[in-house]
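By written order: A, B, C, D and E. Residues from 1 in each chain.
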Amino acid sequence: MKEPLIEIKNLKKYFEVKNSFLKRNEFVKAVDNVSFNINKGETFGLVGESGCGKSTIGRTITRLYKPTEGKIIFNGNNISHMKERGLKKHRKDMQIIFQDPFASLNPYMSVGDIINEPLEILNISKKDRFNIIYDLLEKVGLNKGDIDRYPGEFSGGQRQRIGIARALSVKPKFILCDEPTSALDVSIQAQVINILKDLQDEFGLTYLFISHDLSMVNHISDRIGVMYLGKLVEVNTSDNLYKDPLHPYTKALLSSIPIADPDLAKNRNREILTGDVPSPINPPKGCRFKTRCKYKIDKCEYIEPELREIKKGHSVACHLTI
Amino acid sequence: MTNYILKRILQGITMLIIISIISFTLMHMAPGDPSTSYISPKMNASEIQAVKERLGLNEPIYIQYIKWIKKVLQGDLGYSLIDFKPVTQVIKSRLPATVGLMGSSLLLSLLISIPLGLYTGKKKGKTIDNIITTISYIGISIPSFWFGILLIYVFAYKLNLLPSVGMRTLGEPDSILDVIKHGILPCIVLSFSSISIYTRYIRTSTIVQLNANYVRTEEAYGFSKYKIMFKYVLKNVLLPIITILGMSLPNIVTGAFVTETVFGWPGMGRLGVDSIFNYDYPVIMATTMLTATLLIIGNLVADILYGIVDPRIRNMR
Amino acid sequence: MYIKLMKGLKNQVFSNKLGKFAFFIIITFTVISIFAFLSPYDPNEIDMASRFTSPNIKNIFGTDIMGRDYFTRILYGGRISLSVGFLSMLISTIIGTIVGSISGYFEGRIDSFLMRTVDILMSIPSFFIILILNAYLKPSMGIIISVIGLLGWMTTARLVRAETLSIKSSEYVLYAKSLGISNFKIIKKHIIPNVLPTIIVAATLSIASAILIESSLSFLGMGVQAPDASWGSMLSNSQGYIDEAPYLGVFPGIFILLTVLSFNILGDVIRNTLDSRGE
Amino acid sequence: GDENSSDDKQDKQVSKNEKEDEGKKVEGGQMIFRVSSDSRVIHPLYGNDRTTLTLVNHIFAPLYNLKGEDIDYWLAEKVEPSEDYLSYKVKLKDELTWHDGEVLDADDLVFTFNTIMDKKQGSHLRDSFVTTEGEVKIEKIDDLTVKFILPEVQIGFLDTIGGIRMFPEHVYGDIENIQASDVNNNPVGSGSFKFEERKSGESITLSKFDNFFKGTPHLDNVVYRVIPETSSAEIALQNGEIDAMSITADKVEKFEESNNILAFDEDRLDYIIFNQNGGKLDNENLRKAIAYALDRDELLKANYLSTDYAKPAYSFFADKTLYKTDDVEKYEYNIEKAKELLEESGLKDINLTMVYRGKDNVRELLVQQYLKEIGINVELKAMDMASFFNALFEKEHQDEYDLAFNGYIYGKEPSTYAQVFKAESMNNVSGYKNEEVDKLWDEAAKEKDSSKREKLYEKIQKEIIKDAAMYPIDYGYAIVAVNPKFKGLEDAAPAPIHMFDDLSQIYMVE
Amino acid sequence: MNNILKVKNLKTSFFTSNGEVQAVRGISFNVKQGEVLGIVGESGSGKSVTSMSIMGLIKNSGKIKDGDITFKGENIKNYSQKKLRNIRGNEISMIFQDPMTSLNPVYTVGEQMSDILIKNKGLNKKQARIEVIKYLESVGISSPETRIDNYPHEFSGGMRQRVMIAMALSCKPKLLIADEPTTALDVTIQAQILDLMKELKHKTNTSTIIITHDLGVVAEICDRIIVMYGGLIMEEGTVREIFYHTNHPYTKGLLNSIPKIGKEEKLLPIEGFPPNLLNPPKGCPFYERCNFRMDICKEKRPDTFNLSDTHKSMCFLNRKVEI
């Protein structure tokens, strides 16, 4: 069971930013040397503050971006530098569900066309395609009749369902869920999460679930990786991560989550970070978290801690944990 | 900042060179050339050749171009092939008329369009807004020569209030007042369309700014409509106008081909048209390059100015 | 998907009073120009005996300096003016769309090259160049159309590029890319329909400006040449008779004004609805 | 045609409806003329546009003007051809001065002539002094007299000499390139008015020359105001912002209430070129068919409304040209004959191209309409000025057209017209060839007996028109509207191109 | 504790081209001196419209159709704009959701804050500057003497929200309305801001209304909570009452649909979607999605039942209890 579907080794993705005003072009180190595995059938959660590189990892894995460096092994194939032609046969195994249900559907395509788009790359007859589409609509809780409607006529939650149906249509092995619920209302979020979970059970899907809502990630994920400024700082199983956070950032992050339980909220010991996230263009030398870390030691100033497995299935990148 | 300016200047120069090559080639590749006005039917081939030689038209285009640009770099724009005066002198004699006319039209346009734009933006959807918007539509849709002739017909001929053509009353001593009197009608023609354009621009910008979140904040702190409008919104609305002004700079040279022709205004626009009709290459080139230079400088200055006034950009630098 | 787009546009235009007015004018003028041949008069038949007849029941717009029926001439003039507008719009829109979408879609070197070109072309005083080319290439209708079209695509290109850039980074395009769908198909299926409203706006505005440019050219004697007459050339030829036969100027003037006005309004109406798309 | 009625008006030279309310004559004042474009190099050697020619005319006086058989002397006191017509002696008036006060004498004339002949200075006037046999030479005889020596007899040479406009050696001497010289910003001549100032694109002001040999001009200043747009200029005239301008016939009615209208023969012939340089019009019958298919009167009226301002033309000579005759084939409008001739020509499905320039194309449209009636299709092609003349004059462009309207002014000397028709002449734009006629031309040019010459020229006219070498239409008049407060217009001698020969005669009334 | 603000039967609508959007359809609540009242509800439930109605800032197509807004004992609903302007800022201050755009980009933070003080508190420029620095410091902005001359874009999102808070506090308002003050911020920054607000709550005696859709936030910081849905108040009560004695099916549904850390239980979403306020249902707005719906709920809008002095619920289920 614990067979990796995706292996990521020393992945780097830098973006060149054109600075018309200054002398040189600079690089945003959106993802900087990250390694982890995603096992078959599991949900791997990725959390972290805005701009820390979560989406970039996801998009690099699905090869929407070309990695700057590193290896991506998908289903046993190294796809990190594969050309588009070679990638083609893997494409249908990797699907994406996006954050913004308004921006992820072409407003000028009907629901049928939208779900049909990935199907077109397969060799399926038109009739079969229709049947597949009807099936999918039903599965995600929409009506058959919706096939001829346009995204603009649906609410956010419904659109997200269309997005899910589209992702499922080609029977992928892996789905990247990039904050699929953050644009939705609380009551709708749960609907979408439940659908995702049900489908995973039904089809044995593997998810990379990106979110900055820690409780949601906790809820859906088997394992979680915590990111900070382009780096993975801690990886653990979902349950253990919350019980036993080791990295100071993870601790702070967890204690920042507002808890919908007044008594618990009152009694807990919160660790509140000071300051803001530094720019990923010139991240701090040494440990990237040092500027906001209470437990900083001298070593953090110069030496960048590596992500190391300290227990089975639990890795941390902090000098204090050794 | 200095780096940026230097880079932009360098870019500008490259652009100018490319523009000069394009214009030069276009012009010389087109059929016909200035020698036609010197060649009389009685001339034989060698005499025609001599005329072309005298005008410097017998060599291949690229050599002509190199010769031309060499001279330009030394500040010599050559001689007009028509009245055989140095091009610089020709332009110098025409520039003030155009700058005066376009400058005052620009000023007038701003003076009218800013309040009008703010007002209509504020009164969006009201009758007065609809009226002004409709007028501004007419302003950008009316052929300017027709408008010009109509004005001359009404104000100069029917009402006899203003002079019809030219820049001065002949035979009277030069006076600013006289020039202004002559300039009123062309200035109105030129301003009508630019007022329309600016007003619409400012109106849209005002509507956008009035809907901005910061306005809500200011309202929530009890500032009056007027204070919000004239202190907080105004600055946000006016900043982008700098860009428009930058782009209007070249109009000062050539924007008035038609209007100057209608009103017999002795400016660069007329010069441009005349030089085209007469194949006066050096003048055409000079006019083109002057306009392009002004456009590039205008944009650069606008960008820099914008950067200086707009804090958001200022700090980026 | 284009049907939906067109329906959307139609609704936008018809939900607005001015829009309806503009649409009506354009359709009317286009139709009467197309069916100009139904007029009982020959637009070019000279009849010196009936020059300068004021508008009356027989000649509703009167007759011109050569005794030709002015209404008929206006109809035929509309053909020319509208053709100049439409055809040069086609040229500028096609080039602008191709350059803009390529530039926006592929970015990188192609983009900087194309955009530099646009910058340069925009720094050339275009009306001046139009004048020069027109003067030297003999002002035939084809030349006028091409020159206006070839020098007028830069704004379209910029608009399309900006729009393409934003659509390109939209998630449905990302998704299509993740499926390995070819660039060509993506441009066709996703980019173009979404840029189309912007293109239509640019197109309507460029028709308006082309008609105006042609009339200015006519005034300077470099517009459409006889025996063809555009509204612009009719207007400019009438200038000399403003006192004796004012209607000679009024009719083409009004036709130009209304047409250009309508295209401007139409463009604005569509643009306004585009701008408030998200709200 | 209504030949007879127009004959009555044949001598109508000047002044229709001059206002009678004669006011008090005053000295001084200023008169403003409209010109449509700015002047160029103000120098007798270079001006070839209307504005510059006008200015040159007033600033630089000619030696004399030929008025038919008479000579109107200006700077020259006398001109005398030798017996053999191979040399001409010109004597200048005494005590002439230039505008700057320096003395004007024979040295200046020699200088002027030598400058014209100097190839380096590139004046197109040089052509007039070169014949196939060689160049004209000049010789100074005394301080006021020079002698022009011709390589061969040229009857029209009297006219040529008269047109020389002298310019002073002390100003223009030693200048390597006169055309590009700064001196032109301040030209010095000897005409009735001297150059005062030029405001580029705006106006050129002349002021009276007190020392003018005919006496001090009445007006203080004459101003040429640049107004490119005709409709604007017309309003300016009505507003009194300008005092005089050329108008077209259809405007006469409008202006005659408030202005004096002056109409005068410009010595111009309007005609249609039949291009015979290898095209379809090489066919004589086709040419004749076309000629019969056209209605001359209608063509005339298209430009001049009525015969008030133009006279139908049948010969290719200008109206005032010596020995002009209307006793030639008149090609009166006759469709039947046209069709017959077309039949005879043996040509079918004829497509012809007619080129023209400018906005105005009434006549072209009429031609199109007429020829359609006999089944000839005419395609109109617009051209700008330069291309039009290229098509007319340059061999490689001569296949671009078949028909074109044109006009020429060759003056009153019949021999000048030879260049339009002689086979080898550069100015034979139509490519007409008739060896017989060529011989007649040569004969006539050398014939000193005037009655024999008359015979010869009449014969030439008949032959050429019989061949339908061209289709003469009319002698159009120049029409000028002038503010009635200016008088003496007739004495100022209305003239083609520069409007008046002698501005010093015009005065103002109050 | 006396009520500083009383809202009674407030109805606010927007008249759009599609028809009347009944954003708020008759709500009543009070805010007591010194308390923190939370308003939760999903997007479009009318939270912001309620707050804007209180401020008298409903504009353009919007209109307060009915109801009273009593502030410090005076009904301000029919106040002229001029009178309202005196209350705004001075007595009631507001913090908005989007700190990125809620400050004027072309004026420095100091200028904007000083202007408010000069206008509302009658200070001169110098005094105002000193005050501004003081307040900037109090919201945890380091070296306020230099930061005061910075422009908004030079601050990060969290800092800008601090500036907004400082701005609100500097007027020493009686009532502070914070409309989703942390929604746009990252969790760690949100925690900072919430911490700051809690701290201020202890320091000053300002009454606060916090609008949010995050139940976690209200649990952390509020004394009392109002739950809104479809333009109506569904349930009102103290924090403990809402979380531990939840009455209304909607509130229950909300609580069930958020995951709780450490608990693996399946989420119980509320199926369906919120009602359209263009044609709001006659009866209970939650009818369509309610697991406990009864026939009457469709026909009649439920009464508000008092479950305790502080706890109210708009649900017919309580009828049984009462009987």
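Here, contacts are C-beta pairs under 8 Å (C-beta built on N, C-alpha and C of every residue); 3 or more make two chains touch, one makes a residue touch a chain.
By chain, UniProt protein names: A = ATP-binding cassette domain-containing protein; B, C = ABC transporter permease; E = ABC transporter ATP-binding protein.
Only a predicted model underlies this, so the values are computations on that prediction, with no experimental measurement involved.
S.K.: Quickly list, by label, the chains bordering both chain C and chain E.
M.R.: Both-contact set = A, B.
S.K.: Pick the pair with more C-beta contacts: C-D or B-C?
M.R.: The greater number of contacts lies at B-C.
S.K.: Based on mean C-alpha positions, I'd like to know which chain lies farthest from chain C.
M.R.: Relative to chain C, the chain with the farthest C-alpha centre is E.
S.K.: Please name the chain that ends up farthest from chain A once chain centres are defined by their CA atoms averaged.
M.R.: Farthest from chain A by mean C-alpha position: D.
S.K.: Report the inter-chain centroid distance for chain A and chain B in whole angstrom, where each centroid is the mean of the CA atoms.
M.R.: That gives a centre separation of 54 Å.
S.K.: Please compute the C-alpha centroid of chain A, do the same for chain E, then give the distance between them in whole Å.
M.R.: Roughly 32 Å separates the two chain centres.
S.K.: When the C-alpha atoms of chain A and chain D are each averaged to a single point, how far apart are the two points in Å?
M.R.: 89
S.K.: Take the average of all CA coordinates in chain D, do the same for chain E, and state the distance between these two points in whole angstrom.
M.R.: Chain centres of chain D and chain E, defined by C-alpha means, are spaced 92 Å apart.
S.K.: Give the residues of chain D touching no fewer than two other chains, as numbers and ranges.
M.R.: 229, 231, 384, 387, in rising order.
S.K.: On chain B, where are the residues touching two or more other chains?
M.R.: Those would be 31-32, 149, 153, 157, 261-262, 273, 277.
S.K.: Residues of chain B touching chain C in their complex?
M.R.: 15-16, 18-19, 22-23, 26-27, 30-32, 137-138, 140-146, 149-150, 153, 157, 250, 253-254, 257-258, 261-262, 272-273, 276-277, 284, 287-288, 291-292, 295-296
S.K.: Going by the contact rule at the top, pick out the chain C residues touching chain D in the complex.
M.R.: 44-46, 48, 65-66, 135, 138-140, 221, 225-227, 233, 236-237, 239-240, 242-244
S.K.: For chain B, which residues are in contact with chain E within the complex?
M.R.: Residues 212-214, 216-224, 232, 235-236, 239, 310-312, 315.
S.K.: Which residues of chain B touch chain D in the complex?
M.R.: For chain B paired with chain D, touching residues are 31-32, 36-38, 40-44, 50-51, 54, 79, 82-85, 90, 93-94, 97, 149, 152-153, 156-157, 160, 163-171, 261-264, 266-267, 270-271, 273-274, 277, 279.
S.K.: Which part of chain D faces chain C closely enough to touch in the complex?
M.R.: So the residues of chain D touching chain C come out as 229-231, 234, 250-251, 254, 298, 301-302, 358-359, 361-362, 364-366, 368-369, 380, 382-384, 387.
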